[in-house]
Amino acid sequence: MDASNYLYISALLFTIGAVGVVVRRNAIVVFMCIELMLNAANLSFVTFSRINGNLDGQVMAFFTMVVAACEVVVGLAIIVAIYRSRRSASVDDASLLKR
Amino acid sequence: MSISTSLVYLIGLPFAGAAILLLGGRRTDKWGHLLATALSASSFAVGVYHLFQMVNRPVEMRPTSQKLFEWISVGSFNVDAGLLLDQLSICFVLLITGVGTLIHIYSIAYMSEDRDRRRFFAYLNLFIAAMLLLVLGDSYLSLYVGWEGVGLASYLLIGFWNQKPAYATASKKAFVMNRVGDMGLSLAIMIAFATMGTVSFAGVAEQVDNTSEAALTAMGIMLLVAAAGKSAQFPLQAWLGDAMAGPTPVSALIHAATMVTAGVYLITRSNFVFDAAPTAQLLVVIVGAITLIFGALIGTAKDDIKKALAASTMSQIGYMILATGLGPIGYAFAIMHLITHGFFKAGMFLGAGSVMHGMNDEVNMRKYGALRHFMPITFITFGIGYLAILGVPPFAGFYSKDMIIESAFNSGGMQAIFLGSLTLIGAAITAFYMTRVMILTFAGTKRWDEGVEPHESPWLMWFPMAVLAVGSVTSGYLLYHDKALYKWLSPLFEDHGEHEELLKPIVVSALALTMVAIGVSIAVYKYMRENIETVAPENVSWLTKFVRKDLMQDQFNEKFFMRPGQLLTKALVTTEDVVVDGSVRGVARMAIGSGSGLRGLQNGFVRSYAALILVGALTLIAAIWVVVS
Amino acid sequence: MTFTSPVLSYTLLSPMLILLGGALLGVVVEAFVSRAKRPTVQLTLALGVLFLALFQVWNIRGEQSLTPAMGSIIIDGPAVLLQGTILIISIIAILLIADTEHFTALPAALPGSEEERKAIAMGAQVTEVYPLTLFAVAGMLMFPVAGDLITLFVALEMLSLPLYLMAGLSRRRRLASQESALKYFLLGSFSSAFFLFGVAYLYGYSGSVDFAGIQKSVVGGSGNDVLLLIGIAFLSIGLLFKVGAVPFHSWAPDVYQGAPTPVTAFMAAATKVAAFGAMLRIYYTVFANAQWSWSPMLTGIAVITMLLGSLVAVTQRDVKRMLAYSSIAHAGFLLLGVIALNKSGLDSTIFYLFAYGVATVGAFAVVTLVRDSSGEVTDLNRWKGLGKRSPFAASTFAFFLLAFAGIPLTSGFIGKFSIFSAAYESGATGLVLVAILSSALAAFFYIRVIVLMFFSEATEDGTSVEIPSILTRTAIVASAAITLILGVYPTPLLDFISDLAIFIR
Amino acid sequence: MKWLTLLMFLPLVGAAVVSVLPKANEKAAKQAALVTTIAVLLVTVAMTLNFERENVGLQFVEKYAWIPSFGINFAVGLDAIALVLILMSTILAPIVVLAGWNEAHGGRWSVKTFYILILVLETMMIGVFAATDLFLFYVIFEAMLIPVYFLIGGFGTGERAAAAVKFLIYSLVGGLLMLASIIALFVMSGDQFGHTFDINELSQLQMSSTTQNLLFLGFFIAFAIKAPVWPFHTWLPDAAASASPGTSVLLLGVLDKVGTFGMIRYCLTLFPEASKTFTPLILILAVISILYGAFLAIGQKDIKRLIAYTSISHFGFITLGIFAMTTQGHSGAVLYMFNHAFSTAALFLVAGWMISRRGSSTISDFGGLQRVTPVLAWSFFFAGLSSLALPGLSSFVSEFLVLVGTFTRYPVHAIIATFGIVLAALYILIPVQKALHGPTTPGNENLKDLNLREKIAIAPVAAIIVFLGFYPSPLLKIINPATTNIIAQLGFTDPAPSIEDK
């Protein structure tokens, strides 16, 4: 199977993630969409690693996972805090700051 | 040409007077008028001294000059502050300081009640100094300083009682119209420098032959504009009548004898320019001719004694200007008439002042009448002036005016007859309105307001009038005799020999006297018989109304200059606000507007921010797609 | 496959290591030092660490090495300059952070809850902010010296994650603060995803994640340009997001406004230095030979950034938001230096970053002084007449604004002049004209604020001005002094930068 | 001896002294300012006496490296034009301090602040004329906006804040345009012979005519805003109407001269070809300024705005003289700059006294002042006469030189400009009549005449006006070699008289 197909899937996943960020309201879902984008990137890394025939891409993917985990920690902390004060996880409700 | 070191005193003495009195303020109130008079008199004495010096020198050595200091020097533009006293300027010096001193004396009494008498004398001295500078400057630029200086003095003196708004307006009007003339003078100077590289009289005279006629014509016309402004000639004549707002001695000195004749001086001084620019010369004649009739006509309908005299002044100066326009044959006669006019018109103005003094400052002649019994001296001196202006022999005007009429007839060509006739008609009208003035003032019945008790003026006032009256009788003959003035002045002018005589002098005199007789008769017929009403009748012909309104001169100026000017000013003020400043404000508003618009992007929703980022990313991808394909 | 043990040059890495060590120590302090002593200990620790790192940076100023950490880190002149700048700015910012009045007593407590009141009554303080700051600084130090894309990505996250948290720590208006944290976090990770995706494509393009390898491919020009273009574009999105360039700027106003002001000061100034530092290295070395691919993109972005920043700033009514838009406009000006791609562009960008960063911290420091009973007052209408009530606050703030506006005798002018010259030298005449136009627009709103402070009458509910604590005062005075000195006699710094600022590749 | 640094340093010392004086002791601040400005004046006079008139190069040159990496030096030096303008500024300064003794009291800030600002401004006024390094010039050119901004906004009246902002924005926009040009010059100098800001070296730059034209415009518009030339003038009436009289004097008398000075020093020297290209356009703008300013002055109801518009008219004359490219025009323009400072100073100071006495600046609120306050009235009238360029007063000499210099090359422009002298009579005499003549308006009966301090302040101004009217030679002798040199360097010779040999 042609490796470039993986790239198309990766691009598709990335796009789905990006669109998801824009259209979904729940902060958790938005955040998951971002995770989807990161993973799309990971897929690309691995694919390119395969195409290029070296391991740098795979190493990068591991790094990404670690970083994503850190992001989850920070992100959930923020989302939980805001959920507790607002009793809502909708990102649209948090629009005090504007103009 | 000889060198003198004492010319500067002529100007310096009165100037010092003005400076002391103005800077000294109220401290000089007690003796200020005496100082001013003394300084004016000493200036006169210096003038007389110079006259004797001059007479005793050979003809070519008569002009005297004094270089004071380097005034303006930039590149090839070099003007020294220099004075020039020649045969022409000495006439003026003596007239200015002589008549000036008499009027100083007169004013001591005339202004004795005024709390600002000191200031008045300061202005008078300032005027004398400026006028002397005008006639003594050796270049157009020095003349210009005096030229505007007298304008300033005139402004100050017309507006001396400026707490009356009308008087303040009159003074402003005089200054502004004079400035129009001054503009002409400055342009003339610029033309002189641009084409001849010099602005001194001697330099210009030297270069005239090498200069194109077009340039000379342009310069001549600009000089004429200047002269018209200062001498109240058509079309810049309208200020003179209003200038009578000033105290009467001012009218006598500035607006009759001296300042208003500066135009005649300027044209005579620039004879070399006009002689080489026939078109300009023709225009001078035309302006003179129009003004002499114009002024005379205005004079026929004036009830204000001073304004009647002012109109007469305008008309008489018209004669002089006309004479200067005739070229070499006319210059000397213009100056001669100028001098005699200085005597008789100043005398009459002082007479008018004397009348007003006795009549509680009433100027309306319809409220005079029968004053000959109450003011005999005034009557006599005024009467002498009257005879002089009419040109009755042997009074001064007879000689000077007849010479001008004669020159007009002898100027050659068809224009000669036309000009000659005009001057004769002018003489007739002059006779009419002056007779009217005499009758209304001194003859007839009393038409005074209640409480007015006419009385003769004190000797300080009638003495100058008497002196001037003597001058009005004798000056004409003295100057005429043996062509004294003509010979005196002729070294300055290039007279090209004999002129054909269209009419013999005796014929001219006869014609002139006939015209005068006609004018007098009409006036006597009209004003001796009927009762004069104290208010001017309203049911008069349109012509009379027209003349009463000074031939619509003010209305004309208002309609064609003042109103459009005011409209333009208003329009520009609006333009400034709406267009010039408005466009800047518009740009600012636009910036703020677009800023507020863009602010809408920041709507507070994190998803739309993400969308914005996404749009940015898509744009980049689109751009890449364009680049790649 | 043999395992090569890593060779590390500890001296060259020491600034970062010191920071990381200090941050970890800070965490330990949180755990073991009593609550009462914590603020002092943490502050001392943070300041000590920062100064020590700065000292180390100074010591390595002449060094150049491609391999202090197996090629993952590059230390050269610009690296030293940028690290020094970040450290100096952080030191000043830490002085502001030390004023605990800005931070919530108990971040976990609900806003307005009994719990929170109790914490306040107890005098609790969020001393966690110090280690967080130190972690962020460590990330910032690493960002511009990264030698491969992995390090770059890790550094990016390392500087971002603590900042997300710090944005939510405000004591007053906690809802807004939390909101700003959320927005910053979501958008930040969103852009990180783009960044990462770009990294992936660059890897795909060159088969390498280190800068040297990518550069080789770019110079060789053999790879697939589509991959390169997408890679550069997406990588740039991540970087441009951090500097707040339009259209990736929308987080900035909201976060600047919502975050505690000392944090805003720190992030506005230091993040910008780090991000621009990384951009300089990437565009000046890695992609220098692919100028055709990124220069038009950056030019377009610079233009809209400068114009939008200035235009929108004109209409702002909140001082922090106004400063946010001002910082967006300044990001646009700084892009000029990146686009210039010449030595003077490099020099001037570094100078500008330093000057701007210091002035920014100073300006926000003044903002922290203007308060009423419910905390900071950022509504510009209530800044009216400040000049009368507090000449010190108003005049220093006015001075910083003048520096932002680029008035001569302030560092801002020298910065603007040098960066515009560099852009002009590179032939970007049109860009310079747009920059000049935006400067004119920008001047308008800076002056507006000065007018408010000095020439408008105070409103009824006038704000009081806090007597600045010694630390805040030091921060303000130091910033103002640096701004003035760099405006009057910038020669030493300019020469220093000019001598050092040469990338090794 | 380092004359110029001493000169620039002195006011700063004064400012430092004032700043340490106790706030309550206002009188001490005033006295310190007065003493300082007088000291500066004395130094300037000494410099003038040491100035070599025939030497057309720069004198009193000092040069210190400032930012070597950009080729920037702190370089100062004087040619005759700069000397004359510095002399003008330093004469005005003590007069302004003395005349405006009480004008700081209505301010937003302490009296001390006012004098510190004035003294700092004086340093900058000297520096801006003395700078021979373009960068230094620009720095001072921009930096001096700040003290003026605070002087207008802090010590002015009426819409002072708005006026101050308008002033600053206009000036900054102009300054930024100039900055664009300066950057271009800087980069080009780097390409051609190494970075420099020395104006002599910059004038050697090679550039295409398009470049030159564009850069010229950058400079010219900045100077035209400063000068101000129509249509860049609208900030001036607002600023002048709001500023205190003393500030207005410095604003119109000195700061605006930087614009016309810049035209000579920078536009003509750096871009000779472009100057020639744009001369026709600029001459038209100048003539429009003359007439437009005059008409607008006639239409004003506020005395300060009126004076501001008269200045726009006068600056039209100065610009006309500069771009007529004749020695008469140039010397006239430089002399005009000097003279205008004093005639405007006289007008503004006297108007200021009138306003502070009456509490209104509307012309129609005055009336009949001549009866009540003769000395005040005379001072105003005299200042007016100077403004309308009455022969015998200083402004006449310069105005006439400008006109005659223009006429020899551009007669049509000169003729149109000459109409300005009629309008001048109107814009002066109308307010004179309204304010001084006529019956005394109710409310004005008890106005006080000038006191001794005010008389002492106005006397030197009047003396200078009269003296230079009759004897401008001392100044012209200083100015002439410089202007002749500039004209010659630009490749112009005065048009020769069109005498034909018949």
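Every chain is named by a letter (A, B, C and D) in the order it is written, and numbering of its residues begins at 1.
Methods note: a residue touches a chain if its C-beta (ideal position, glycine included) is under 8 Å from a C-beta of that chain, and two chains touch if they have at least 3 such contacts.
Per UniProt, the chains are A = Unannotated protein.
Being a predicted model, the structure only gives us computed values, none of them experimental.
Chain centres defined as mean CA positions place D nearest to the mean of all protein CA atoms. Between A-B and B-D, more C-beta contact pairs are found at B-D.
Computed centre separation for the pair chain A (Unannotated protein)/chain D is 65 angstrom, with centres defined by C-alpha atoms.
With centres defined as mean CA coordinates, chain B is found 96 Å away from chain A (Unannotated protein). Here the CA centre of chain B is 37 Å from the CA centre of chain D. Mean C-alpha positions place chain C and chain D at a centre distance of 44 Å. For chain D, the set of residues that touch two or more other chains is empty.
Looking at chain B, one finds that residues 599, 602, 604, 606, 610, 617 touch two or more other chains.
Taken residue by residue, chain C touches two or more other chains at 182-183, 186, 190, 194, 253-254, 444, whereas all remaining positions touch fewer. Applying the touch criterion to all chain pairs gives A-B, A-C, B-C, B-D, C-D. The residues of chain C lying in touch with chain D in their complex are 387-388, 402, 405, 407-409, 413-414, 417-418, 420-421, 424-425, 429, 432-433, 436, 439-440, 443-444, 447-448, 451, 454-456, 489-491, 494-495, 498. By the touch criterion given at the top, residues 588, 591-592, 594-596, 598-599, 601-602, 604, 606, 608-610, 612-613, 615-617, 620-621, 623-624, 627-628 of chain B touch chain C in their complex.
Those residues of chain D that touch chain C in the shared complex are 65-70, 108, 138-140, 142-143, 145-146, 150, 153-154, 160-161, 164-165, 168-169, 172-173, 176-177, 179-180, 183-184, 186-187, 190.
Within the complex, the chain B residues that touch chain D are 22, 25, 69-77, 81, 141, 144-145, 147-149, 152, 155, 159, 162-165, 168-169, 172, 175-176, 179-180, 182-183, 186-187, 189-191, 193-198, 207, 209-212, 215, 568-570, 572-573, 576, 580-581, 584.
Across the complex, chain B is touched by residues 18-19, 21-25, 30, 91-92, 94-99 of chain A (Unannotated protein).
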